[in-house]
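Down below are the structures I want you to see.
Shared chain: chain A. Partners: chain B in the first complex, chain C in the second.
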Partner chain A sequence: MNEKRTLSILILDDEPIVSKRLKPSLEKRGYVVETFTESLEALKRIKERNFDIVITDLKMEGVDGMEFLTEVKKRSPETEVIVITGFATMETAKESFKKGVFDFLSKPFKLGEITEIIEKAEEKILSR
Partner chain B sequence: MRILTAMDRHSYSRNIIPDVSRLAANTWADLTLLGVQQNKSEPDPQLVETMLAYQDELLSHVNREETIYAPVSGTDLKECGKGCWQATSRGRKRLTICLRSGDALKSILAQAEEEESDLIVLGCTRGFDCEWENELGLPQRVAKEAGCSVLVIKEQKKANQISSFLDQTNVSQQSLELINQLVTLHDAGLKIVGLKGQKGLIGKEDVEKKMMELLKYYNERKISAWIKMVDMENLEDYVVSATREGIVALWVGKKSLLSKIFSRDLVGKLVSRSQSSILILR
Partner chain C sequence: MLRRWVNKILGREQEQRVSFQEIFTLFQEILSLNNRTLDLIAEANDKLSGDYIFDRHYIETFQEETASLVHQLIYKLNLISPGKYQELNESFHRIESDIRQILAGRLLCPTDRYVLDYKEIAEKHLGEAAGGKNTHLAEIMEFLGITIPPSFAITTAAYFHFLQENGLPEKIEKIIDRWHHGETGIGEASKEIRSLILAARLPADIRKEIDMYLDAIRQAHPEKKPYFAVRSSAVGEDSEFSYAGQYASRLNVSRYRVIEAYREVVASVYSERAMEYRQSKGVLESEIAMAVACQQVVKARVSGVLYTYHPVHPEKETMEISSAWGLGAPIVSGRVLTDHFTVARRAPHEILELKVVRKQTALMPAGGEEKTEVPVPEEQQTIPSLTDEQLRRLAEIGLRIEKFYKKPQDIEFAIDENDEIVILQARQLAMRGKTLPVARELAEILEKYPVISRGRGTVAQMGIASGTVFVLENDEDLDKVPQGAILVARYASPRLARVIRKVSGIITDVGAVTGHLATVAREFRVPTIMNLEHATEIFETGEEVTIDAQENIVYEGLVRELYHFSLAEEDIEETYEYRLLRRVLKKIEPLYLLDPKDPNFTPQGCRTLHDIIRFVHEKVVEEIIDYNYHHPHNMDAVSGKLDWKFPLDMVIIDMGGGLVPGAVGTGRKIVPEQITSPPMRALLDGIAHPGAWNNEPMSVDFGSFMSSLTRTMSAETMSPRELGQNLAVISDCYINVSLRLGYHFTVIDAYVVDNVKDNYAYFRFSGGVTDISRRSRRAAFIGEALARHDFHVELHEDLVEGRIKKMDRQGMLDRLNLLGILIGFTRQLDVKMVTDEQIAYYIEKLQELLENDNHE
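Let's turn to the complex of A and B:
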């Protein structure tokens, strides 16, 4: 019998409210979720293990989101990265896609919007 | 992010297309263009033609560097309820053209609620009256009654600064995020305006603390932000002068003391008096 694979998600956003809102909802949907507000901590974590999906903010102190997603894709090209940003520009969107992100979502967003994107990413991952 | 743009057949609706395009191109938002018509039995062919022309103009701006949206065809419009027709294209982000029949205010509010919009954008005539689809004061009523933030654009203008009026501590995360997007879009500075009454700062210590928190929040994100105090009695004149320099943003919440002071129609009054764009934040 085939068991459904449980996907792992890492969320990095320096505003704690983002993870606080997303984590319980995603866990309820069966994902294993780890959250970080410090990019250096998150960087340390992705060196320890790979995640199926990474959701990252762009504008952060220390290692910014663009550097972080570059590192994620370098270590684990299979990881699907979703960028969320409160300071969106065409340039950051273009650069994100150039680096292979799965999708780009501007804040504010509703839970339904990000859940829909995560489900599409999940579909892609499970179809491999 | 979901943006609902309400558009009628007048030139001011066409004039907001560059602003909406820039916002959409920056944020990659799901975008809906909404038109309101009287005929309840079928889509008004003239309105369909207008909406498609708006779409083409918008896409010519937005898709210049990257193809974010696919065009919607008029033949894709399907009835999605009584007196409501809709067509959606699924490019990298969703673009929807929607026509609703009936009362303009109810139609705009219903669409925003159904699709859980984060922002309603609409243009209107200049001056105090603010007409939309020949209805006086419609933008003021949308700004007053919508459940989400509303941007009313009277005149397309480069915003050098965004003046946000704060008289309460009830500031939602969504409204902060919307301000951030507009500051980024216009590469503008952010003025956080506190209001002084006869007994000092309106909202007292809590508001002062909130203003300092906001200042810290923006400074940490390297956004040029500063605090300005304005006397309550000069507020309306101040709003007029602030709209000459850029966008005026007003946090409106149940706890807004400003709403109590101007109890009957604060938002409407400020929308009327503004000269370019006013953003109502929720």
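Let's turn to the complex of A and C:
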């Protein structure tokens, strides 16, 4: 447990409830978490540093989620991206996976569902 | 095809021949819409468990989908009986417009009453009408049995009515606009609005109601002239917490000045501070509404304030109490020197520190309107204003209130002439400590604590709770559950709801997160984990544990850091989205239309979307029977009444091949032998199963069962017309049965042919006459019985749905036989199912019955 590397997670969702809810829970599990509700700010942040995991909504004002995750993957292909969206369609899911998204989760979801995906992503990252 | 059919129906005066197949298709569509809508509502309710992350978008989508389904229901019912239920559309639009307003942030008062007594506020959950201050006191009184002053609430309905009657909303909006556009300063705007409110006339109907309640208090205490405290109790975004102290309160008001004080409190909605605060937080003016608390002033010997935690150093595990002689106002405002006591949180609440000041004056109610500062007698000036015994009692009360709200409390109290502690106000204490643990550090701290269970079971209600385990051996021990215990029980029985206010947390071996107990646990925010399998064996009465139902972990011992962390964290239930979904659901989920004989059972009587769904369901069955049996319009379906030894009062409509040819004669009676539809035969055989009632020792025999059935039926269904509610539409391979026996409803829809892939059966069961716990128990029994016979089962409180597909012909018929047996078997079970242990007992009985049957 102690030699465990601390993973960094960025969460971007324009509805504040998502971050508000996820942040303390992920921090309690030992992750370092940064949250954003404005995609432009999140974009600025990923230009400053890389994150191990990025969790992003798709449909947002300003820079939309697809653009954002494209940028994330371009800058740091190692980053695992998890898409969460309330407008899940087959097309968006397909497009996300084409862009190398780790997993796709439609809102609303259970806390347990997303932590399970994060744990899988973590496994993948730590096995590299 | 539908259009063609509609045209046909509309022109049915001319053209009598409408195919039953077509009308029946519509009927089936209604049933299926009905089921989908109820499922959608049940799912939305589950979202409130705290386990889901959902956003505003979800609430909007849910509302749109539900409204669209209900709209289709109304449309289809109106196709079947054109013009007859047009008013349903009006009710629908009224409810929908309310929901839209709620979504737009408008506060709607859930009642149209202007004044409420506290018992009603607590019992009917009218917090949105009465505001935080009123509601907390009402709950403390009603649920915890703690003394509060005689009080009543002036609702937000009164607030809206008061403003509207005086044409104020438009005027206020104009002034606010001018301020927002920089045309006027905030000071001027505030002053202008407040003087408008202060000069406005209070409508006579509100005044009359207030007078009535004031008189009632006066009459209860005829010996003295009562004085009142008129306090703000605002409703709205963050109102209780962040607005603390922004609104006016008037103390020591004579009954003739209560109205004046009411206006002043209402006017304080537009104090500069409050307006500024709303602007900075982006809260709309429409998102605030002022309810008012009117409390009789307590003749206080001592008054004070209790914090259930040190607001900066929670790790000290202390309570902080300040007090002085006389009335409390100076203490709250910090104008006088007070004694200060530090008391241990843990019983027996040792007094750790005591600072006594010299109290030279005290505020006492003088004979008249004013209160006077009187000198304190020399010998009382330097003694503590609270005794050790009073401090202990206070600490206990404080802890009970804190446990109830799951947050540290800031409590205003008085001790009256009879040495009784009276609570004047209780609200959440803002914790500001740097020493509060943050989530990041918790991860490391928590690793040190031994874990008893991790990730096992299902979270029914989130939250963190510490306490001493009480393992419930049998129902009688429920009374022995100690205050603040972690209750560990075998079943998530609705019976446990009785002690929900006493316990800190609940763990069960088995149980459904959609059951009644889960709903109640949610309502009272008691952290609950269900299905932890061997919980009753793992845990021992007397051991201390900490439940983290956020992460689904149970720790050994008290994990203080976790509890402290939860104190500072915002409750998920208090977030805007939760409150919004709860408000929206209030217009959708409750069912008020229960009894079709009730004069309110009309389109206009529908108050929620659920009412509309229920109404449509009842009427569509009625219409089908009317159309085909009472006033037959078509020749392609044959109908008659079942003539049987069991008085089911069922109309049977044959769509083809369900009856022997020429079965229905002039008497329009059908005897069971004439039924050839295999699924219908299987179902009736089940209902008539002889063993169902004999094998069971405490049960009545079938005859007396049927007499009790007839009794309940005749009691509620007076006219023969009403009795015709039971309907079966059959064919050679299909049945659709709608049964209303007493107050419970059963729907069966099944298709049985040789091609396995096409076969299915659907079963839905709900309602009953007993209390929810027995009904839920019966639902649990039916669910279990169905699951054992390969049905896919969903349970939600007292509603059971079972589905089965793709089974061979014989398998399907066996299942339908089982459904028949269940209908008979469970008719009275809700009356008999007094304990949860009986679920297993009856399952066994049913099993025996089926096995004996196979041997015959």
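Here, the second predicted complex is superposed on the first by the 126 of 128 C-alpha atoms of A that agree within 3 Å, B and C clash if a C-alpha of one lies under 4 Å from a C-alpha of the other, contacts with A are read in each partner's own complex, and residues count from 1 in each chain.
Basically, contacts are C-beta pairs under 8 Å (C-beta built on N, C-alpha and C of every residue); 3 or more make two chains touch, one makes a residue touch a chain.
Computed from a predicted model, the values in this text were never measured in an experiment.
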Original post:
Does the superposition put A:Glu61 against chain B (first), chain C (second), both, or neither?
Top reply: first
Original post:
In the superposed arrangement, does A:Arg29 touch chain B (first), chain C (second), both or neither?
Top reply: second
Original post:
Should A:Pro77 be classified as contacting the first partner (chain B), the second (chain C), both, or neither?
Top reply: neither
Subject >> Partner chain(s) touched by A:Ala93 [first = chain B, second = chain C, both, neither] >> reply: first
Original post:
Should A:Ile114 be classified as contacting the first partner (chain B), the second (chain C), both, or neither?
Top reply: second
Subject >> Which of chain B and chain C A:Ile17 touches, first, second, both or neither >> reply: both
**OP:** Could you tell me which stretches of chain A are touched by chain B in one complex and by chain C in the other?
**Re:** 15, 17, 86-87, 107-110, 112
**OP:** Please name which positions on chain A make contact with chain C in the complex.
**Re:** 1, 13, 15, 17-18, 20-25, 27-30, 32, 86-87, 107-112, 114
**OP:** Sort out for me which residues of chain B touch chain A in the complex.
**Re:** 1-2, 25-30, 65-66, 116, 118, 173-174, 176-178, 180-181, 183-184, 220-221
**OP:** Can you check the complex and tell me which residues of chain C touch chain A?
**Re:** 47, 51-58, 61, 438-440, 442-444, 446-447, 550-552, 569-570, 572, 575-577
Original post:
Tell me, which parts of chain A touch chain B in their complex?
Top reply: 15, 17, 59, 61, 86-90, 93-94, 97, 104-110, 112-113
